[in-house]
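Letters A, B, C, D, E, F and G mark the chains in the order given here, with residues in each chain numbered from 1 onward.
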Amino acid sequence: MLKPLGDRVVIEVLEAEEKTASGIVLPDSAKEKPQEGKVVAVGTGRVLDNGTKEPLEVAEGDHIIFSKYSGTEVTFDGQDLLIIRENDILAVVK
Amino acid sequence: MLKPLGDRVVIEVLEAEEKTASGIVLPDSAKEKPQEGKVVAVGTGRVLDNGTKEPLEVAEGDHIIFSKYSGTEVTFDGQDLLIIRENDILAVVK
Amino acid sequence: MLKPLGDRVVIEVLEAEEKTASGIVLPDSAKEKPQEGKVVAVGTGRVLDNGTKEPLEVAEGDHIIFSKYSGTEVTFDGQDLLIIRENDILAVVK
Amino acid sequence: MLKPLGDRVVIEVLEAEEKTASGIVLPDSAKEKPQEGKVVAVGTGRVLDNGTKEPLEVAEGDHIIFSKYSGTEVTFDGQDLLIIRENDILAVVK
Amino acid sequence: MLKPLGDRVVIEVLEAEEKTASGIVLPDSAKEKPQEGKVVAVGTGRVLDNGTKEPLEVAEGDHIIFSKYSGTEVTFDGQDLLIIRENDILAVVK
Amino acid sequence: MLKPLGDRVVIEVLEAEEKTASGIVLPDSAKEKPQEGKVVAVGTGRVLDNGTKEPLEVAEGDHIIFSKYSGTEVTFDGQDLLIIRENDILAVVK
Amino acid sequence: MLKPLGDRVVIEVLEAEEKTASGIVLPDSAKEKPQEGKVVAVGTGRVLDNGTKEPLEVAEGDHIIFSKYSGTEVTFDGQDLLIIRENDILAVVK
């Protein structure tokens, strides 16, 4: 298991479907939008200046939208994962 | 539903009308001004150094003016939205 | 009405008279000085790290001097306005 | 009257005499040193992160030395003044 | 023994195996991913603005993943080690 | 008298002797080292975020070593002085 | 004696031996690693935002490893010393 440090989050990237339902390939520009992912593990939070630890807003299993090109790719147990900071997560899909 | 994180806001961009009432097309320079939008969802706020969470000033449904070119475009449920930080919102139209 | 966010201020720019009383046109260099404006609306203030909100020093109706080229132009109800941060206001004319 | 905001100070620049007592013109390099001024008005101070306002160290009438090229020139009531931040004031001449 | 200062950590780099189980050499791009290491010694922690010392999240013996190219190489007692800041550690492998 | 503001210090620069005891002129590189000075006047200190004023570590009369090229030269009462921030003082010679 | 200010430390640089035990000259790259030194004097510490002074982690006599190219060289009483900030010290050799 990977336990991220601080305000980091381990995510599994959800590949955007490159074809629409009717089979039309999307132009490249459309793929420059942020990516979606699933939260696999979260850190214990960020330490504030007053010494308290602020827990993360996201939790394991959350479906998220995050800034493209953020984070670091890792391969763990044969699975491609991404470790990003919570600040690079834009929104949770509910 | 998209739930933005922290001090982020999801907005629906209100397209500026490119023609005036009398049908005259506005010059490009006029379109470089900030854009208008409608707040669709707001984050839970920004965590201050003393550990409290400062709620956002804007609320769902607010009509706002925001800095052009700020934020990240997302397409959700076939709707084009923009996720921006509250700091890029200049004013609320009341 | 435009309600600016945080430490922002909406101002109406007061155009510098380009001629002196005796009708002499001022040289360009003289026009590079800061501009004058009238405060139209003020934000609720800046949130400090201790969680309190610091109200603005300026108030609606104040005649101010502000740094040229600061802020963002907006057109609202056919009126050209400028939204600036209080930090770009140099002084109040009393 | 000009009332500067925050930690700003309005000063009247004291022109350096370009000739020495014996009438010798000083070389340019000598004129690159900081300038002297007289404080005309002071702001109410800088707001600290704990919410208190720190009053300025200088007061109206003080004879000061300040960093050349700092601040913004304003012309008010036909008088050329300079608005600078207290941080650009190096010392008070006593 | 090396005792790192503050939020620093001494690690022993675990070399990535350049061949897969079946003996195939991995392409270079695959080796640009973050590196793995074993924590040899940890500092006493980072001093917060409120004067308390925040201990590190990692401990001696932890198996970690860290950002490639971070830290400073040292040779101590004939052993090649790396001194990095805890902030460059992405996750602990558990 | 010059009273420096905040964490500033007025110093009299002590010229490095360009010849050694035996009369040998030192090479230029040797003169790139930090300079020595004598403290002539000190500011009242730096205001911390909690509103207290931290007095300076150096006092009038101290013999100090400071970073070359730091500070601003002033001529006061015919004396060449330098106004620097305490942060540019490396050590006190005791 | 040199008394460094704040979080500064005076160190005596320990020259790396350029030959190994068997007399082989090390290649240049090997000499780009951090340097070792002995702490000669330490400052009183860094003032935190809450007004307390955080004493240094290192003490006089400590054998340290520090980042190459950091600090300022000084010659004092004929001895070549280096004044660095504690933050440039990587570890203490125990």
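By our rule, a residue touches a chain if its C-beta (ideal position, glycine included) is under 8 Å from a C-beta of that chain, and two chains touch if they have at least 3 such contacts.
All of these numbers come straight from a predicted model, not from anything done at the bench.
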Which other chains touch chain C while also touching chain F? D
Using mean C-alpha positions as chain centres, tell me how far chain B is from chain F in Å, no decimals. 52
Rounded to the nearest whole Å, what is the centre-to-centre distance of chain C and chain D, using the mean of the C-alpha atoms as each centre? 23
Give, as an integer number of Å, the spacing between the C-alpha centres of chain E and chain B. 41
Show the residues in chain B shared as contacts by 2 or more other chains, in ascending order. 49-50
Put in order round the ring, from chain B and then through chain C, what are the chains? B, C, D, F, G, E, A
Any idea which chain G residues touch chain E in the complex? 33-34, 48-50, 52, 54, 57-58, 65, 67, 86-87, 89-94
Spell out the part of chain G that touches chain F in their complex, as residue ranges. 1-6, 8, 10, 41, 44, 47, 49-51, 72-76, 83
